[in-house]
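Here chain A shows up in two complexes: once beside chain B, once beside chain C.
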Partner chain A sequence: MVKTVKALGIRAPNAGILAANVLRSLEDPKEEVRFIVNPGAETGMDAVARRYGYSMEVSRLEKDLEIRMVPSGKTMEEIDVTGETCPGPVLIVGERLSALAVGERLKVKSASADTLADITAAITASGSRILGEGTEGDRHVITVEKDEKKEMPQGNLSVANRDRVLIVQSNGTGNAERAYATFIFSKVAVSMGKKVTIFLLMDGVSIARKGSAAGVKHPAFPPLDQLMDEMVKAGVTMYACENSAAFRGISEKDLAFGVKLAGAATYIQLLSDPTYAVVNF
Partner chain B sequence: MTYETIGKEFIELLGLKGSPVAVKLVRTPADVPAGYEKMVKKERHCQFVQDARLKGVTGYATRAEHLCKGGAAVMGIEPSPDLVADGTTYQKLGNFKTIEGAVETVHAIPKLDETYYASVYAPLDKAEFEPDVVVFVVTPRQALRLSQAYLHTSGGRISSDYSGIQSLCADAVVAVKQRGVPNMTLGCNGSRKYSGIAEDEVILGFPPKELGAMVEALKAFKQKWG
Partner chain C sequence: MNMTYQVIALAILFSSMITGFIIFRMQGMKLAPHFGALILALIVTLAALITGISAVAVVAAFLQVIVTLTAYTQLYKILQDNFQTAPGYGAHLALVTMLPVLAIAGLLM
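Up next, the complex of A and B:
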């Protein structure tokens, strides 16, 4: 469990006196405490933490500081989702997170960076925070802190800047016109200053297979692989659905330059983001 | 020790005017303690506390019964009015020279993120529920004894914080409920004006779990100091 104590407006040393009383009055000695304080109030709180057998971490929030006091010797829960396929990792981590209290942390490991990217999309969409990412041996690692989703004020929905474009391609190389349209529309959007993401799913992932776009040609246009390469170099993000790729025997090593595998959570998160205009081909 | 005994002991040992007041916030109508009726009069939270303290009134107040919207808002009973949340109200009332000062203070006021259906009140000796907080309206001398009683077992110091606004609600109830430690506050213009907090009275909120040991401490003080 994690207890959150907002102590804004209280300066040092009073914030430390308050912290000492909070730590002394905890019913569960294993409980962590997050103090939300103004910058400067943390002075002396490290001594309070030591005195009562806690370690202290300080992290900056938007305007305030979070002082986290963790009972010495308490370790963070860990989970390794290596080997699980989409949507397994997202569901496993989501289930584990749902059992945590707000403020509790979980370390998630995977051999696949793409899997962690998908988990990251799901976690941030649910309101929790990614505190850090890195590697441990052959595992990619993220540290997650459970939080609740904050409702966006109603007014903000209507004023969200739709300055990004999501192009969903589900027909693949079998429909040359739609395949061309995917990258021509991307080119136009990029020229308009939009940030573009292409999500290839179902038959659309055929475009992601290394070399396959080179076979799509039309006399009025450059070869599709050239357009695709141009868009990658222009900063367009290109995802191939992990499950659709697996259905068609496409693995990470078969992917064309610039294409990354992504899971269902990434797709749902993109569709849910009001700053994206969505185009289907 | 029951709350009935604890409440009576506090009154006797400190010579309190009125009772300590048990306050509880409930999330749903089903959580209202059995037998508790909705308050008849629409009033402010600080008035409900004073009515329980001085007149023995018990009952609960939903959003509809709370006249002070700022007080109800920090207790999670209704959304904060825009002009209160953005500091405008307090700057217009003259509390702050600048809107920045008002915003800084409003940002720091203890407030509950969760939503509650109602606040429930009873004199402590008549409380038939487990309170979140027990509020004392006392003289400075009685506040001294309460502070000493709190520190009697484990020692230490007390830190109290307040801003002169939203006193009996944010400082005496919300801060204590959230932190699990006592807080002292001096009232606000509203509570001084409407609820009859006297010139020589201050307000303290305590977590209920501390009260038994505090009564024992007061008895020890009485033996030692008379």
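Up next, the complex of A and C:
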């Protein structure tokens, strides 16, 4: 369990005195405590944490600071999802997170950075936070803090600035016109200052296989691989559905330059984002 | 040489022109070598039937086999990864797959 104490408006050293009183009066000495304070109020709180056998971490919220006091020796729960395929990792982490209390943390490891990116999309969509990411040996790691989803104020959807475009491509190299349309529309959207994300789904992942776009040609246009390279260099994000790729025996090493594998959570997150206009090819 | 097989091959080549045109529209210039082979085989098969010359019929049979080979070599990459659009190519592949059988039958019987 994690106790949260909002101490906004209390300055140092009073915030430290409050922290000492809170730590002294805890019923469970293994309980973690989060203090939400104004910047500057944390001065002296580290000495309080040491005195009561806690380690202290400071992280910045939007305007305020989060001071987390963790009993020394308490270890964070860890989970390794290496080898699991989409949507396995998202479901495993989601289940584990649901058993945690708000404020508790979980370390998630995987050999694939793309898998962690998918988990990150699912976690942030559910309201929890990613506190940090990095590597440990051959594993990519993220640290997650459980939180509750904040309700969006009414009216926000209608004023969302739709300045991003999601192009869903599910026909692949088997339909040259749709394949061309994907990248020509991307080019137009980029020229209009839009941020473009292409999600290759089902047959669409055939475009992601290294060298396959070079075979799609039309006299009126440059070869598809040229358009694709141009879009990657222009900053277009290109995802290939992990499941669709697995169905076709396409692995990470078979992917064309600039394409990343992504799971169902990333796709759902993109579709749910009101700032995206969605186009299907 | 039995010219009956060449008549059947000619009918298949005509039909393949239609199915081939449809997949050419879907696929674009990638299929140009196959479409070229198809047109050439059609012309030579027609010439073999009009002239009745065995040597021309042998060339026609050879080109009919080439039509099948180019269809598969050009479409292999597409069929490898495109499961949903593959049926669009089915009719053309089914037609051209008959050609080598007829070509061999025409030469041997």
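The rule is short, and it goes like this: the second predicted complex is superposed on the first by the 281 of 281 C-alpha atoms of A that agree within 3 Å, B and C clash if a C-alpha of one lies under 4 Å from a C-alpha of the other, contacts with A are read in each partner's own complex, and residues count from 1 in each chain.
Here is the rule we use: contacts are C-beta pairs under 8 Å (C-beta built on N, C-alpha and C of every residue); 3 or more make two chains touch, one makes a residue touch a chain.
This one's a predicted model, so the numbers in the text were calculated from it and none came from an experiment.
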{"item": "Fit or clash - chain C, chain B, common chain A", "value": "fit"}
{"item": "Touching partner for A:V216 - first (chain B), second (chain C), both, neither", "value": "second"}
{"item": "Superposed arrangement, angle subtended at the Cα centre of chain A by chain B and chain C, nearest 10 degrees", "value": "150"}
{"item": "Contacts of A:L18 with chain B and chain C, given as first, second, both or neither", "value": "first"}
{"item": "Contacts of A:G172 with chain B and chain C, given as first, second, both or neither", "value": "second"}
{"item": "Which superposed partner A:M202 touches (first chain B, second chain C, both, neither)", "value": "second"}
{"item": "Chain B versus chain C as contact partner of A:R248, first or second or both or neither", "value": "second"}
{"item": "Contacts of A:G9 with chain B and chain C, given as first, second, both or neither", "value": "first"}
{"item": "Gap in Å between nearest CA atoms once chain C and chain B share a frame through chain A", "value": "49"}
{"item": "Set of chain A residues, in rising order, touched by both chain B and chain C", "value": "none"}
{"item": "Contacting residues of chain B [partner chain A, same complex]", "value": "104-105, 107-110, 154, 156-159, 161, 163, 178-182, 207, 209-210"}
{"item": "Of all residues in chain A, those that touch chain C in their complex", "value": "170-177, 202-203, 205-206, 209, 212, 215-219, 247-248, 250"}
{"item": "Touching residues (chain side chain A, partner chain B) in the complex", "value": "3-10, 14-15, 17-18, 20-22, 24-27, 38"}
{"item": "Complex interface listing, chain C residues touching chain A", "value": "26-30, 77-78, 80-86, 88-89"}
